[in-house]
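After this come two complexes, each holding chain A, first together with chain B and then together with chain C.
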Partner chain A sequence: MHISEGILSAPVLVAGASLTATAVGYGLKKMAYKQMPKVAILSSVFFVASLIHVPIGPSSVHLILNGIIGLLLGWAAFPAILVALAFQAILFQFGGPTTLGVNTFTMAFPAIICFYLFNRGIKGKNNFFALTLAFICGFLSVLLSGIMVATALVFTGELFMQVAKLILIAHLPVMILEGVLTVFCVGFLRKVRPEILDLDA
Partner chain B sequence: MIKEKFSEGDSFLHKLDPRVKIIVALLFSAIVAVTDRYTPLWGDLLLAAGLIIIAKLKIREVILRLLVVNSFILLLWIMLPFTFSGEKIYILDSLGVSREGIKYAFLLTIKSNSIILVGIALLSTSSIYNLVHALLHLYLPDKLVQLSFFSYRYIHTIHSEYIRLNNALKVRGFKAQTNFHTYKTYAYLIGMMLVRSYDRSKRVYNAMLCRGFKGKFWTLNHFSFNKSDFIGGIVMISCIIGLMLF
Partner chain C sequence: MKGRLYLILIFLFLIIIVINIPIFAHKVNIFTYVEGNKVYTENYFSDGTKCVSSKMEIFDNQGNKWLEGLTDQEGNFSFEIPQEEGDLKIVLTASMGHRAECIIRADELRNTTGLVQENLKEPTSKESTESILVYKMGEENKVVSPEISSQNLKEVQLLIENILDEKLTPVMREIKKSQEDKISPTEIIGGIGYIFGIFGIIAYFLNRKK
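Let's turn to the complex of A and B:
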């Protein structure tokens, strides 16, 4: 769900860049050196996940996982996602220098929202409740990213309204897929290594 | 393996100081992103194509790359001509194809591809390590630079971990389909990647502490800013500014 270079208007690009810069600064400040390896690992998982294609009906989509990244990292999700997207831009030309701010924000802001909404719940004792929250987390993270992409396009020009709507509709199956995957993944981590779900670990 | 496809080579652009390349690429991208007139944009596209030629990259691979990253642009071509109001040049059933819409989609295509080409010619011709190192000299926060070094290192380990787990799946006759079993398997695969790399990150950090890590990374190879870097930078920047004035 990258927005390509050369499409968005200057005010949207500047707004995205400054919001991202502020949030990345805050995320870096909150991140202790001790956490650096974990943040880097999740940054790379976010990068590698985008190379994993999962079949869905006749087509396939790549994983996004910004919900899980947010759950595990909190504010450090901003620098982590920024770094991964910068690598994607340099290695594969997905996104680029001017859209890096907007693209980071559309991915990382939902991650933070998910962190605040679900971080506590998914660690709770009640398994069913935790997994329900995990589904909402995966679903919501992609939905919010879609809404942010759509917003960036519509603020650039009214004529992008239809494109924005199409992008949102096209992401509906991805939302469900990410929800299901997040359920299984959180379930797995709760069983196998619950301490990963702790922010300070 | 994740390859830095375009970073191998010995052209002028490959040898140019990464700091110069980053500054020029940022300037070019920013200016093209806010330009909406055709004359300067054609010049910018030519300039971008020229840089690709100077970088002596394989044209076929550059074109292949362009095709892949133009999917978003393709979406615009499908939608914009129909959603734009204005003079209709062709009526398809009840849908009118708008001249303005096509013009606009075309404009965005040139802008987007110019920026992508310059990105390939200037940024992708340096290794990630050199670019990140250069960003440190360009006053990017120390912590962010370290995070990038770590993260780039781990991308390769995690990717090979993924390939290993994926091979294990294949050996056991796993076939990805649209069903819960597939999604569960992929989720567990991700989970396993997280667990293993989490353990690894703990080990690496402890090893670093043992070796006296105090939150500072020392880089061993240093850039030297020489005459050809200076001239190359000045020529490119004046071309970009010159085109803007057209």
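Let's turn to the complex of A and C:
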């Protein structure tokens, strides 16, 4: 879901970059010193996840994992995803330096939304309910990212419904897979270290 | 206990890396070659998926759009070399915000067509054709009339072209393969190292503030 260099117009790039800059600043301010290793690890997880291709479906897609990252990091997801995307751009030419802002926002903003929607729920007493929410979280984060990419591409003259449909169909297997992965992660953490899920954004 | 969990996590995603060693970048690539008076391009995502019916645009060196078209079912696109001199820029726009650019230098375009075309289209003077033939067939010491010789030349050229095409196909394939930038494990592990380093630096400065 990385948007390449030279596709988006300047206003979209500037808007994306400034939104990301603000959110990253806020994320760094919110980030507790204690959280640091967790942020670093999840940033590397994001960095590696994009290299894992899901060979199902009509197009070339890969894991994103922004749902679980948002769930575990809250606002710190912004700096984490920014750093990971920067290195993907430098080392693998996914996206690029000018689209870094837009790409960070399209992936990190859904992570924050998921954090606010599900962070309470997945800590609840009822195991089944919590895991169901975890699945929806993983599914929804990719869905929202797809919608945001489609929105960014609208300004290049592509039709929103057409692009959105294409992206969503291509990413349907990823959505389901990420839902399942999020269930495993949350299930594991609930059992082993429930305090890792405790975050006040 | 906390340290152990992090170790487990690191270990887990190292395993993921190892399992997925043949990893490909997520971007689109253009592979071009010039043959005769046509430019051929093959377009594919870096995991090998063909870019089917993606938009191709060809720009001349002034940046004017010269041609636009769609790739076929195999992800291929070919076009004839334009008359004007100058570099060509090929831009591929695939679905979902993927884009790649590739420049074909002018001398690359002319090298393959130039010589052959000149010989064929502008009939060379009798002397020069004869001298070529005499040079080629010197050992037999045959005297060939210019008419036959130019026809022969054409045939020989065609033959050479065909043989060369045939012989070069595997080489082309090798070149194409080496152009696909596969991501090496070194880069991945290096990237992870960089990320930890950066957060280490951030942690250092946060710590100093306290």
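One rule holds for everything that comes next: the second predicted complex is superposed on the first by the 182 of 201 C-alpha atoms of A that agree within 3 Å, B and C clash if a C-alpha of one lies under 4 Å from a C-alpha of the other, contacts with A are read in each partner's own complex, and residues count from 1 in each chain.
One rule holds in what follows: contacts are C-beta pairs under 8 Å (C-beta built on N, C-alpha and C of every residue); 3 or more make two chains touch, one makes a residue touch a chain.
These figures come from a predicted structure and were not determined experimentally.
K.L.:
Does the chain A-based superposition show chain B and chain C clashing or fitting?
P.N.:
Superposition check on chain A flags a clash between chain B and chain C.
K.L.:
Any idea whether chain B or chain C touches more of chain A?
P.N.:
B
K.L.:
Just to be sure I read the superposition right, which of the two partners does A:A89 touch: chain B = first, chain C = second, or both, or neither?
P.N.:
first
K.L.:
Tell me the contact category for A:L51 with respect to chain B and chain C: first, second, both or neither.
P.N.:
In the superposed model, A:L51 contacts both chain B and chain C.
K.L.:
Classify the contacts of A:F135 with the two partner chains as first (chain B alone), second (chain C alone), both, or neither.
P.N.:
The answer is neither, since A:F135 touches no partner chain.
K.L.:
Touching A:H62, do we find chain B (first), chain C (second), both, or neither?
P.N.:
Touch partner of A:H62: chain C, not chain B.
K.L.:
Tell me which partner A:F105 touches in the superposition: chain B (first), chain C (second), both or neither.
P.N.:
neither
K.L.:
Is A:A10 touching the first partner chain B, the second partner chain C, both, or neither of them?
P.N.:
A:A10: touches chain B, not chain C.
K.L.:
With the two complexes superposed on chain A, say which partner A:V24 touches: chain B (first), chain C (second), both, or neither.
P.N.:
So A:V24 only meets chain B here.
K.L.:
On the A-aligned overlay, A:F184 touches which partner chain: chain B = first, chain C = second, or both, or neither?
P.N.:
A:F184: touches chain B, not chain C.
K.L.:
Looking at the overlay, what does A:V149 touch: chain B (first), chain C (second), both, or neither?
P.N.:
second
K.L.:
Between 5-13, 23-31, 131-139 or 149-157, which run of chain B pushes into chain C after the superposition?
P.N.:
The answer is stretch 149-157.
K.L.:
Return the residues of chain A at which the contacts from chain B and from chain C coincide.
P.N.:
Touching chain B in the first complex and chain C in the second, residues 2-8, 28, 31, 33, 36-37, 39-41, 43-45, 47-48, 51-52, 55, 79, 83-84, 87, 91-94, 163, 166-167, 192-193, 196 of chain A appear in both lists.
K.L.:
If we count contacts the way the header does, which residues on chain C are in touch with chain A in the complex?
P.N.:
It is residues 2, 5-6, 9-10, 13, 16-17, 20, 23-28, 45-47, 49, 91, 93, 95-101, 181, 183, 187-188, 190-192, 194-196, 198-200, 202-203, 206-207, 210 of chain C that touch chain A.
K.L.:
Could you please specify the touching residues of chain B with respect to chain A in the complex?
P.N.:
It is residues 2, 4-5, 25-26, 29-30, 32-34, 65, 68-70, 72-73, 75-76, 79-80, 82-84, 101, 104, 108, 110-116, 119-120, 123-124, 128, 131, 141, 143-144, 146-148, 150-155, 157-159, 162, 176-178, 180, 182-184, 186-188, 190-195, 197-198, 200-202, 204-205, 215 of chain B that touch chain A.
K.L.:
Which stretch or stretches of chain A touch chain C in the complex?
P.N.:
Per the touch definition, chain A meets chain C at residues 1-8, 28, 31, 33, 36-37, 39-41, 43-45, 47-48, 50-53, 55, 59-60, 62, 79, 83-84, 87-88, 91-94, 149, 152-153, 163, 166-167, 170, 192-193, 196.
K.L.:
What residues on chain A touch chain B, complex-wise?
P.N.:
2-10, 13, 24-25, 28, 31, 33-34, 36-45, 47-49, 51-52, 54-57, 63, 65, 68, 72, 79-80, 82-84, 86-87, 89-94, 96-98, 159, 161-163, 166-167, 177, 180-185, 188-189, 192-193, 196
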